[in-house]
């Protein structure tokens, strides 16, 4: 499609079309992410409400109160934007966008359906992990530059937590990468096509366990409750976000949800078959590239919807956990990582390796 | 002049500017962030060069390492996140000496090493290495995959080599797909960092290679281990400096408290 | 004095940090300010600073008659206004030698126990909230709302009731249908208690956050004047409803209930309560919280008995004293078992209708005084846990 | 133990401590002097049949009753401070200690009288506040109570580990629970 688009103009001007193409892709990806943020904002409130035996937002308007998210957005945009005098003005302003950018950047390697990645990269899984790791810089920077001790503590906690949890999280990614033999997320997704028992989570018992460790580490990596040490509103007021207001606060908020989307997307590709449904129905109704490219495109659309659905389910689980569980203490979070998650993933890594040696193919 | 060049210039300028800025900054937080900026820009250059794996590695290891540096810096110096740091003249000279000697070593080593030949890295090299194959990738499993299938019998599998094989299996289709900016380099680079140059291994199809440097082919064992280690030493030096900084600060503070 | 103040700040080492927690902070339960000296995440020392909510209650007490002072007692522990009213009323009654009728006593017992449940629900919910669990609070608030509705039916106010007055209660007998509504509430509440235990008491994370944190030995608890659930959480079976002044214990004489304290290593066995987790140590945050949960349950049982006794009692309601009623010369001190601890009122009369002195012994104030001792060496994250388990109300601390 | 027994025991063991014993009041009390307060409290806490292990409350009662309308100095027109009127001697403060024993389940009230000012002729400011020995070494609970009494009533406690204001601001002037307390016209420029 890109080739066709670029070749619409004479060769000397093709770079213009390439640029346009790149911008369009970027806008689509960011739009999906931002739309997700709006939806998750609403969903989080609804889940919180239902968990707490109340209705959740319904007064602002719209069916099921969906206007709550736009109303929130408008409110945040209208709020006064404060920079404390104690803060480092440049870094303070930079911080929220750094985290947000890092979270958005990961999208360009995540395939939404077969071949539907903004950029197909060979080491996509690794790259996603690496860029996602950058996410924490926004948090740390906010903590260091705010000139508030709560922020400083929050930033330090976030840094320590991220550095620790990247290890088991990386291990959790390495295990499926090892099992599928590639770091290309597209290839990994493709390898899980067919019935749901082809999914990574069912590939072997070790992968099954790894998925749940991954979910825990992903929650911790996103700084979500019960691991939201950086925010910890009952201890640090709002942690690294204490001094933020208005749109910059919203940027942190968006960054958090975007990184949740990304990491759940990664999880769903690595473990839950990505865009492949539990049953290979697209094959049955000939929605396949082999029959016709257009049908393949429709099939991919269905796959992308399935992929998003999986992300939504994973995120709903994260929200469910957030509204059900108390927060761990900071040392307990570290204990959780170093004494439980890491040894378990290491054992799973070993197990998966032995499994593959024992049952090749 | 195309986008690639523009981005290269942006990345290169950002890397250098951030590095210089970091050296001359007195604010710890800004120093750390400029370091991240510099290393991140280098990662961008790697991405532009098509070395996606090394780029990601750069982000993961160095940028992640900087995070640890920040934690150490803030927690150990206790001058506050925004406290100024001023090096004494002697320290500055020592730092320049250590830094420049390491840089010199790095330059020498990288001058000695031959460049990686991306094309030859995957020519036919993995075929001899063996490995088990997950038969089919759907439509991806074409002739190359089948050929590796036939030869593969091995008890222990190096994960990196395996990955390289599987990517190589899709090589055909990727070559055809000109939209891909990133040729499969991860496996070869990973092996090279560990000391194995797949592009110079015996059995490489030399017709596809440029064979620019004959010496490379004679010493297949020398990978990028040495420069990798030199950079690691650099990081250790930085960490030691952080610890020293913290210690020096503490002694001064104790003196103060005794006088008070 | 100024030099004393500086001792907190002077010996700071480079790796210690001063954190000013409060007066505006989500988990200080009001406008309490804690000056923490931390070494990383560990709290080396701390100093509670209070007075931000000081409203000169005692000074006002010297200018108004006891009748007029009752609304001010509402604002002491505004989460259990009924108990505050009762404490002050009993002190004045003791000084004046006034007796109230049996039915009035039963009504007082019922509303006070209802308020105890309400207060403990807030304490339990906020303990969860302080540890990052928002949901149980909403369930607690839901139950508390029913109690507040009952209060509204009885005196028109939901929180600042001013219902119990020196000499009796206001507005005569209970309104029609109130007894049935109360019965229904108790039934519903007893059914909800297991849910709360499930969400809070036996939640593994909450247990880990509370067990072995802020351990208060019984000796220290007594020495610092800690009372109420804080004292009982340390294993001292001391409850003024049984051990208090005759004027107070008389109210509870014919009620059956257990003192919620671990005696000889076991809590009362009249009902099945969640098991004590192995990591919990007597006197830690978890035990203090647990005592409150048991107490709320016991209070519900007391209310059930009170409703029966109320129905059987003679329909005679004692009227409150008048504003102009002269208070005899002399002084009297009565402590009552309020939800937060022993709430004492020391009233001194001088023969006029206005008290010469109305001194308030605040339970939260005394319980808070031990906070510094038990929080040394804990982590920043434990501060909300300990503070939540002590369960203070700043209206009462600052008066 | 009954109050009579406690009083009897105190009289026998510490004859100087019990200035007077009032047993027919609503809450019977033992009055002591500031000099023997600490010894008495130590005795009450440690002696086996007494064992008053919990101190409930320390309160200061200003015994002076202002007249209505206030009596003024005929010359200057100023309201007469307590003690200035020769016809009405200043009764000063009564500091009351409420204590109880959890072990033996009995309570006791101890009272001490202190003057309004340490030196009746001295200046009427914070340098001349009356002093009592602190009992915070005996009951840690007294620490905050004594701080409060100091803050609101202006009775200082010697040997107190940390005697500073607790409810009022650190730079507050005066002690509000004194009957002759005059509200400041402004505090940090905030007028009322």
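Going by the order they are written in, the chains are A, B, C and D; count residues from 1 in each one.
Here, contacts are C-beta pairs under 8 Å (C-beta built on N, C-alpha and C of every residue); 3 or more make two chains touch, one makes a residue touch a chain.
These figures come from a predicted structure and were not determined experimentally.
Path length between chain A and chain D in the touching-chain graph (shortest route): 2.
The highest number of C-beta contact pairs joins the chains A-B. Distance from the chain A centre to the chain B centre is 25 Å, each centre being the mean of its Cα atoms. Between the CA-based centres of chain C and chain D the separation comes to 27 Å, rounded to the whole angstrom.
Centres computed as Cα averages put chain A at a distance of 45 Å from chain C.
One simple way to say how far apart two chains are is to compare their mean CA positions; for chain B and chain D this gives 75 Å.
Across the assembly, chain C contributes residues 17 that each touch 2 or more other chains. Residues 25-27, 53-57, 59, 61-63, 65, 96, 98, 102, 105, 109, 139-141, 143-144, 148, 152, 162-170, 176-177, 179 of chain D are the ones touching chain C in the complex.
Those residues of chain A that touch chain B in the shared complex are 2-3, 15, 18-19, 88, 90-91, 94, 119-123, 126-127, 129-131, 133-134, 136-137, 140-141, 143-145, 147, 152, 155-156, 159-160, 162-163, 166, 177-178, 180-184, 187, 190-191, 193, 289-290, 353, 356-357, 360-361. Interface residues of chain A facing chain C in the complex, by the touch rule stated above, are 48, 51-54, 149-150, 153, 225-226, 228, 232-237, 323-332. Within the complex formed with chain A, the chain B residues making contact are 2-3, 27, 29-30, 32-33, 36, 40, 52-53, 55-57, 59-60, 63-64, 67-68, 70-71, 74-75, 81-82, 132-135, 137-140, 155-157, 159, 162-163, 165-167, 170, 179-186.
Within the complex formed with chain D, the residues of chain C that make contact are 1-2, 4-5, 50-51, 54, 56, 58-59, 62, 94-95, 97, 220, 222-225, 236, 238, 243, 330-333, 335, 342, 344, 346, 348, 350, 356-357, 359, 361, 365-366, 369-370, 373, 398-399.
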